[in-house]
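To keep things simple, chains are lettered A, B and C as they appear, and every chain counts its residues starting from 1.
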């Protein structure tokens, strides 16, 4: 269980995150939504230990870094070393933990992500963005992490690919049982695939709670703004 | 903007202080006895120990390190370069005279360099990879590889000796400026062409240019109003540095063409262990480099205020 | 005035990116070109713009992100005057004020460089520049992808208001059917360089004919809210 208690992140004179508290249980999905600059990526950096934080971030009572959370990044092709094969990059987490390469697991995850193993022999620049992102997810899951962080995992993909990839992530989560923290600006995605939601605004938690409840009836004016924007852009639809 | 200017000025002052200290220390610890060398140069004969001691006292070389340093730095801060240890004459006038020969040469060299490189780079980048472009690159490499003395001597041989169009030695008339300026200008053109070419090509690759064209802005206006500014940034650096190098006195060129400039001044002073003169030149050069860098930094920030800012 | 192009095709290094396509747009009509990445929609957009311009039609193009439209070394005011000059229109402060107000950027400082404005304001400035000469057609390529949803929604609403009642037609190119469906009257679906369907928004959403359109419709939105 991921627990954040009164986490603050300061950079110089500005406060990028202020007093953030949240929990995330195994197998559940938490969506973090908000505009650019609201602190969503800072939150991920804080959990990964890349930002100086006050407050506590723990997993199962121990510092969160001990559970070695995995990360899926926004820009798939920039997330890989361009001169190495995808297979090499995918097996990196296993090498980093000193684990042997696990072929059956790799095959199973490939199937679950609709990837062929032949694709892994290619370099990042030789595959499509959608494929590259699924390989990124494969790399994140190869070492069976208990917590996976997603930083705008779908923004680089087109509409249809987004929906397909989201479904694959959800299916794999049911199989593997990891906790997922998904940072996204797409309220539609958050509404459809997350259990709980945290709305960040200028480093503060504006609203948090169950996603369905939030989308049905946001408690704050800002929350309503986000929801109305999602309707306006077609991410959410009102039933006739 | 004021903040950045103050910051840059502070940095400049720190660099100058460091240079003063470093120069003085190096000369202080130079091998051999400076007093003996000065005495020898002054009297043009092997001199006795008392005379050397006298020279040492006169030149202030018998004091401690810090006293000598302050004794030297004080007047410098007032603009007084002191007196030559060898001739006893004030350094100032001789220094300015030397600069008077070097400055026109430096400016002429720079002008020739710019006059060659700017049109060449612009024409070459019209057709990247074309024959003119490759010629420009080859010329740039050649210019960097050719030793200055070789080119200088070649020009003298051709234009002064064979064709007898231009004078070879001295600095009497404006015509005397041509060959040395050409020699220097060729080297300047080489580096400027290369940097201008890559600057233009990179500026041409900026993502907003297609949108400008689609908006109907003419190619000439795009080049003048947009590409030029972006390309200018690397060019400003190189121009500034080239000018600084040229002003410090291209010694070899001055020696070949027998021009009494800053370079010759410095070499003679070093040979004669003439501390005041050497130090004057070094401080002047440092001042020059620091000032030119300051101007470059300010120009950058005028073109693109994001440079150097914390959230660029 | 109906804008028509016929036989548009694009080939690049031996591969056909766009098969011969014809398209017509009525005055003031709003059309969306929808397709997956690599389907050729941007290519069609560019080819369309070039062809229409050759026929003397005034077409404005709004890029995906303001970084692709503005020179960071030049002030916003310079960009505006430059655009006016390029169009050959006389500088008209009233028109500028009207457009700025319509797109909610009247408070922007024209002496600033682009990075001194927020991204949303930059994008609306680019749209305003596009509308200076009241073009016959304005083409928007993925106009919301580089903006936050709240800002994007606002920008699209303001654009809608700006265009409504005018003669300027709008072409919206996007991979997001949901976005297009809300803003356009007619949808053109592109798949692998070919137009596979061309129908009014209502008809396409109700009964998509082609496989591609059916897939797009099935994946249109994330969630249907009961409200």
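FYI, a residue touches a chain if its C-beta (ideal position, glycine included) is under 8 Å from a C-beta of that chain, and two chains touch if they have at least 3 such contacts.
This structure is a prediction, so every number in the text was calculated from the model and none was measured.
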Chains linked by the largest number of contacting C-beta pairs: A-C
Reference subunit A; chain at largest CA-centroid distance: B
Interchain centroid distance [CA atoms averaged], subunit B/subunit C, Å: 53
Subunit A and subunit C: spacing of chain centres that average the CA atoms, whole Å: 31
Distance between chain centroids, defined by C-alpha means - subunit A, subunit B (Å): 56
Residues on subunit C engaged by subunit B in the complex (per definition of touch): 49, 60-61, 63, 67-74, 78, 82-83, 85-87, 113, 115, 129
Contact footprint of subunit A on subunit C as seen in their complex: 36-38, 119, 144, 148-154, 156-157, 175-179, 181-182, 215-216, 219-227
Touching residues (chain side subunit A, partner subunit C) in the complex: 35-36, 128-129, 158-164, 185-189, 191-193, 215-216, 225-226, 228-230, 232-239
Footprint of subunit C on subunit B - complex, ascending: 206-208, 210-212, 214-218, 221, 225-226, 229-230, 303-306
